[in-house]
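Note that the chains are named A, B, C, D, E and F in the order they appear, and that numbering of residues resets to 1 at the start of each chain.
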Amino acid sequence: MSDLFVEPSVTWNRKLHEDMKVKDWIEPSFGKFPAAVDVVLTGIPLSRSSISASAASEYPDFFRKAWHLFTTYSIDENVDFRDMKVVDVGDVKMHGTNILQCHANIEEAMKNVLSECPNSFYVQIGGDHSITAPIVRAFQEHTNKRIGILQFDTHLDLRATDSDGPTNGTPIRQLLDAGVVRGEDVYNIGLHGFYNAPSLIRAADHYGVNRITLKDFRRKGASVLIAEVMAELATKVDIVYVTVDMDVLDITYAPGVPASTPGGMRTDELFDLLFEVGKYEHVGGMDFVCLDPHRDSREQQTVKSGVYAFLQVMLSRFMHVKK
Amino acid sequence: MSDLFVEPSVTWNRKLHEDMKVKDWIEPSFGKFPAAVDVVLTGIPLSRSSISASAASEYPDFFRKAWHLFTTYSIDENVDFRDMKVVDVGDVKMHGTNILQCHANIEEAMKNVLSECPNSFYVQIGGDHSITAPIVRAFQEHTNKRIGILQFDTHLDLRATDSDGPTNGTPIRQLLDAGVVRGEDVYNIGLHGFYNAPSLIRAADHYGVNRITLKDFRRKGASVLIAEVMAELATKVDIVYVTVDMDVLDITYAPGVPASTPGGMRTDELFDLLFEVGKYEHVGGMDFVCLDPHRDSREQQTVKSGVYAFLQVMLSRFMHVKK
Amino acid sequence: MSDLFVEPSVTWNRKLHEDMKVKDWIEPSFGKFPAAVDVVLTGIPLSRSSISASAASEYPDFFRKAWHLFTTYSIDENVDFRDMKVVDVGDVKMHGTNILQCHANIEEAMKNVLSECPNSFYVQIGGDHSITAPIVRAFQEHTNKRIGILQFDTHLDLRATDSDGPTNGTPIRQLLDAGVVRGEDVYNIGLHGFYNAPSLIRAADHYGVNRITLKDFRRKGASVLIAEVMAELATKVDIVYVTVDMDVLDITYAPGVPASTPGGMRTDELFDLLFEVGKYEHVGGMDFVCLDPHRDSREQQTVKSGVYAFLQVMLSRFMHVKK
Amino acid sequence: MSDLFVEPSVTWNRKLHEDMKVKDWIEPSFGKFPAAVDVVLTGIPLSRSSISASAASEYPDFFRKAWHLFTTYSIDENVDFRDMKVVDVGDVKMHGTNILQCHANIEEAMKNVLSECPNSFYVQIGGDHSITAPIVRAFQEHTNKRIGILQFDTHLDLRATDSDGPTNGTPIRQLLDAGVVRGEDVYNIGLHGFYNAPSLIRAADHYGVNRITLKDFRRKGASVLIAEVMAELATKVDIVYVTVDMDVLDITYAPGVPASTPGGMRTDELFDLLFEVGKYEHVGGMDFVCLDPHRDSREQQTVKSGVYAFLQVMLSRFMHVKK
Amino acid sequence: MSDLFVEPSVTWNRKLHEDMKVKDWIEPSFGKFPAAVDVVLTGIPLSRSSISASAASEYPDFFRKAWHLFTTYSIDENVDFRDMKVVDVGDVKMHGTNILQCHANIEEAMKNVLSECPNSFYVQIGGDHSITAPIVRAFQEHTNKRIGILQFDTHLDLRATDSDGPTNGTPIRQLLDAGVVRGEDVYNIGLHGFYNAPSLIRAADHYGVNRITLKDFRRKGASVLIAEVMAELATKVDIVYVTVDMDVLDITYAPGVPASTPGGMRTDELFDLLFEVGKYEHVGGMDFVCLDPHRDSREQQTVKSGVYAFLQVMLSRFMHVKK
Amino acid sequence: MSDLFVEPSVTWNRKLHEDMKVKDWIEPSFGKFPAAVDVVLTGIPLSRSSISASAASEYPDFFRKAWHLFTTYSIDENVDFRDMKVVDVGDVKMHGTNILQCHANIEEAMKNVLSECPNSFYVQIGGDHSITAPIVRAFQEHTNKRIGILQFDTHLDLRATDSDGPTNGTPIRQLLDAGVVRGEDVYNIGLHGFYNAPSLIRAADHYGVNRITLKDFRRKGASVLIAEVMAELATKVDIVYVTVDMDVLDITYAPGVPASTPGGMRTDELFDLLFEVGKYEHVGGMDFVCLDPHRDSREQQTVKSGVYAFLQVMLSRFMHVKK
């Protein structure tokens, strides 16, 4: 195993039996990269790069600890997706004070994963939103294809890096400025309220980033909207990368996301959107970012919603892509 | 009064005046069973039988303490239901370590209530979901009629009793296995997500339990769905017993239910469903279970929602059945 | 400046730059009344008059402290309203134990504001609901016109003052009894549940107050309902005063309002309603009351929703009235 | 019973048996004043008069609700004080907006109690500290004797009433200015830290109030200090009134007191001091003030400490005075 | 391995390196009983038997999860006790509804441990206090020696089993009534306040149980007191069993113990006492009970104190007994 | 003003009157360095360098916001220190992702302060413990004198920088390795428990760092211990720098310090120690670090204790050094 990865400190005692819990389904593979898997899961515990103080670096651990609460069977769809082979390759190794090194590690580690586990679907668990830039750079370098981005976010994340470097406010801008992704290939769903500065709107206009507000989404519904966006993207890009900033959720539903706001998305809306996203084969990878478990409610509702969101993609992908 | 009942430790100073508070409306009747009442309310403070640790045994007390916040007038329907006669006969006596004895007490106490207060509507306040089995057994033995079950729940509660006995995961299974209720007469509304194990689905299939997911409900709406279910049940059974596992609610709305989950029902949806349920005369009794007040938010939102849910049934029954 | 006003204890270091934060947009004007402004903002830190203990007197401070989280640009409408000139004239001075004196100060201070800053829109930040009575009295005396009231509330606030004086349960009743406002000119939107006593319904009938329940609103939608109400009011009154009791919100969305309840309004519904309200030029002023920041969640979701609600009015008024 | 008193809204079902719980020991006597009792307990639910927002008005209710956790037996002293006859005469009636009326009611109600239940010991449960002034005025008028005050407090409470009236910062000053009590007869124990303004120190000097800091107390110990203070007082006054502002406690021990601070007293220190206080027969009455149960921790540690503090006095008085 | 034991669901990835964390030091041994160990650790996740609802059954899990925060080096004593061999044999298997079966399992499992791992020191992690009875029965049957009990507790735990069976209020009484332990051989340290009913005092007198109040302890100090008690016990018994009911701690220090109270022990006092206890070779085993992690503070201060308490014993035993 | 400093975002409206609040006493001086001041206060909002996620970067803001709760008068000493001239020069500017740049900024900014405000006492408000290294480097370079360190801490902070760079676990080691400070000149007070790894003990031995455990301190008392340490230091160094890691406090007293532990120091002990520290003129500067206000209790007890700790030094220095 590459020394860019570390094992999580706690692991489940897996027990395979008739009723499959998520904790028993996802296979730890910390010492080697398995070749033929459907999904590779990578933890990216970095949040020093967050503009405001965040413990999103703790999310990969909390995400794993909540697996025992879920099964691999969806009663909504009457589908058991246990035959989807998912491996957890552990966490990318981070440095305590060198943030650029952390980003370099992420990029390198993702290239390793892409090389060693080809033809898979790649799910990254952040960490803050700064991780999306090195991940997408790795995708682009590895595949050398045109990559589109489908972003669920309350914010545009188009800040320039000149004053504060590659913080969690900059990932999309970094990719645009470096020519890794084109503005027209970025679709942001879930924008709402009074949380984006006019200068970022001008940046979005300049780069041609597509903005779909929460109200736009509610007028169309999840399946129509995602179908439209995917159809547009299909004419332009080879691979779609999906990035879910959990701050797209309403503050009532997601107290564990420091930047969640009033007027945001409900969890059931996000679950519906992700079910639609899971239908499209050219979606090549995705991440979930900015969930700070230290801020969560006593009952850890946001962490649980994070696992649910991940499972919606697994379920849908199993139903529509894998089989 | 039967020695199977105990008084609640705290009682309201009731004051009858022009504006009727729920605390002044529900009559305590701890020393005797009144004969002609519209509704009998019984507290069942048992939660040692819960698989995961729970203080749902505290709910009858918290339920009563929240009565002072509500009136007997619904502004939605412009109806005052103060003429509905409701008595609170207190709590069924429990044993500190003998859970089977507790279940026997519940069954015996319910038979007392059914005998002493005939032709009433019976509302039981749990406690965990294990209480539904002895309650329904009492109904069946007392009436000797075919009983259907309308269940609001995130889970099927069809676990077998062989490994852990009659826990809160088993009540429906107990009734099916004992032939008290038939699988085709059980309707479960509100199922969703990744919370039911495949083996329980197979059990549901085996017994023929009717499963209506949260998405199914949302597609039909409360009044159509309940009308359909009640129509089907009317062709098969004599009496419908309704059991409301409060974990059917979303974790955001019901932090005080240990097993509430993301992706669950909103409180307003539950209130609408219960209003519909209240319209049907052949609904003979009901319970509310699995609400743990020690887990609730500071403002006790879940306890308050529990009282609201109960009042929706009272309101609707007054409008449609009593008059 | 009148000695009826005091400065807030903490002020922002305002910084005018390309991206306008609300904290940099609203101009403090504690020493003088500016003549030509679009909106005057007045803090009214009174909650000793609340029937149940409340720290709503802290809300003006918390409201101001949360401004830094918002910009003057709405991504929903793609509109920047920074050209709306808003001044904050500080807080009305209160007395520590003489509540009637506090109410007199509010009335006098509002007359000052109305005289010194004519042709503006007046937003008052409470405090509890008792403040609406002296504010509307000031409006009526100053303008000598017929004033209608559009109230968003879970309660009617029609208690008589004979037993406990001008508490937060009485403002509408005070205005009706004093002939300041007519019952037919009062429209209450958002009533729901079991929270209003029958005697108050009779009072509402007696005075002819218009009641629109939350269910009525949901059946019609925000734009139709507000258009209807405003059309009716336009035939009767010269000026509409809007009072938003934040307890209209559901307890899940507004833990920081002591009287919020299950079954209430969602924040997005309130935001939509206020956007509609902002379209009507004859709306002359408004207040937000009964938000107790000490009860709010750790992430201060209710305070943030309060700022959002205020900005919706600013946005809409800028789009529809100012330009 | 005087119409100045109201019943608490909730009462315990008292059960007299071998093991005496405090809830079963204290006799409710809401309709009449019993003549021969050892202790009269009066609730004074007023906190509108608090400078900063407070729900100390809720303390009498929470105090009573916590009685079931305590017995009448002290294992420290191996003494059961159940033979001390204590009656709870309910709460003094308050007005919703007229604070001076509230203070007048307190004074009048206390005179009633003193007349109707002579030769007793009088314990008042606040409420904020403003209640001490009318209580002591009632004592002085009723007895026409020289009264000393032993105050446990972090603050001097010597503010003048000219700007804000009789708030909770003024009770001692009110009594001094009105000549009800002399400065030399006031002893304040527990002062510490940076919480008293220099002007109040000058006031204390002017009136001759005796200041004993927390450090002074710790150097001497409870029994020596109280013996000294009581000896001094015995040479000057006829009756000692003890007022316990719970903000004397450290913020770690008393999160439920809005004005508790770092550097304050530990609960065990307060319990020791109150045990000493209970030894002196010329202590004629006492109050506990400024405990806001809405601010308390989930486990209600401050309310429980409040009951413990009260019981220490009962225990000691039973051992030293009653027998 | 006996089928009376189950593995914990989560295990640490142990890493042996220069700096020994407790998580890397304690050896999991879930499949077999190692013969030559210094200490055997057994989890006993039972709290259905608690009189009031408790999740103390979760403590063994939380206890293990907190090990990573501690090292095997005490800076107070400048001693590293890593050479003490400690194994964790997992949790005793419990039944979901048959509490007597749970107690039988504990007794049987402890006999297994005592047989398979002779000449060790046995630490049991509860669970509620009911577990002490079957543990001590196992000790007595296995060793056939006279056993003394040193109990740290706020309560006597001498309730009879006739009304509610073997709850957590009864363990000492069970042992006395069954003749397993003699009253004179029981020493209870830490009793305080108003929390023990007179009937239990009479029971203590009847059985001759030795009562040492918290005040007694404070007067003597930890080392003198424990030396005296151990000297007395040494004249009477062969083995001393120590049971630590964490409710002996003050509510401020131990919010995570449902029955902790004001006026209790500080954590540093308990740590000192346990250091003294660790010096005595004839102490053969001990348990820690009644810590409910669901009630703990956000920072889990009580769980952390529980681990600290355990380590104090390990440290002292290593220094005084093992070497 | 140097561009290395930024203004705090919120400032108090200062009001100079008879009773001096700390908020009105400390002078903001964000645009220039005043020459003749007694104390310079500098905010250092850096905590990206913390090993575990921390929002200690928020402490300077919270520290300032709590000033209004304190006066400049100590009732313990009967001393008003308002004549001590203290200026707040604002916060050192930080970079969003370049931590080494942040440390360089701190060092440079401190050199500015030392040059521009000579002959003052310098108090730095962190931030995490990594800030101490650049601060002391600035002191050493500016003064070119031998500097000793008096550290209050639960940990030694002697980790090497080779694996994770200059984190908050390394400041003392950095200074020793760079020869800025000698091991024999470092005194660490407050060490306790099982929180220091053996390898760090060996490092402490290697460098000759002086270790004084919490138990050592408790045996000697604050005044004797500090006198001894200061006497020793006086024979060796020219200037003493004091660094207070707030994690020296017990977790019960300091929930707002992520690394606070059971078995730690009480706040009153820390206050006493700091009073002693303030007596020594050769103490040239100090910092307070690792207090994370986002973790604090609702009543912000840890932030308030932080202000109290600072004021103890101001008080004592005014009494013993300034006059």
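Everything below uses one rule, namely that a contact is a pair of C-beta atoms (placed from the backbone, for glycine too) under 8 Å apart; a residue touches a chain by one contact, two chains touch by 3 or more.
All of these numbers come straight from a predicted model, not from anything done at the bench.
Trainee: Please report the minimal path length, in steps, between chain A and chain D on the chain touch graph.
Mentor: The distance in steps between these two chains is 2.
Trainee: Would you mind telling me which chain pair, C-D or C-F, is linked by more contacting C-beta pairs?
Mentor: Taking the two pairs in turn, the one with more contacts turns out to be C-D.
Trainee: As a test of understanding: of all chains, whose mean C-alpha position lies farthest from that of chain B?
Mentor: Here the answer is chain F, farthest from chain B.
Trainee: Quick one: compare the interface residues of chain A with those of chain F and tell me same or different, with half as the dividing line.
Mentor: same
Trainee: Centre to centre, by mean C-alpha position, how many angstrom separate chain A and chain C?
Mentor: Chain centroid spacing, chain A to chain C, equals 40 Å.
Trainee: Rounded to the nearest whole Å, what is the centre-to-centre distance of chain A and chain E, using the mean of the C-alpha atoms as each centre?
Mentor: Using C-alpha averages as centres, the distance is 45 Å.
Trainee: Among the residues of chain C, pick out those that touch two or more other chains and give their numbers.
Mentor: 252, 295, 298
Trainee: Throw together a list of every chain pair that touches.
Mentor: Every pair of chains meeting the touch criterion: A-B, A-C, A-E, A-F, B-C, B-D, B-E, C-D, C-F, D-E, D-F, E-F.
Trainee: Quick check: in the complex, which residue numbers of chain A touch chain C?
Mentor: Of all residues in chain A, those touching chain C are 191-201, 211, 213-215, 250-252, 255, 258, 260-263, 295.
Trainee: Give the list of chain B residues in touch with chain C in this complex.
Mentor: Per the touch definition, chain B meets chain C at residues 18-20, 22, 69-76, 78, 80, 252-253, 267-268, 271, 297-299, 301, 304-305, 308, 311, 315.
Trainee: So in the complex, which bits of chain B are touching chain D?
Mentor: 7-13, 65, 68, 298
Trainee: Flag every residue of chain A that touches chain F in the complex, lowest number first.
Mentor: Result: residues 47-49, 51, 53-58, 95-100, 130, 163-167, 292, 294-295 of chain A touch chain F.
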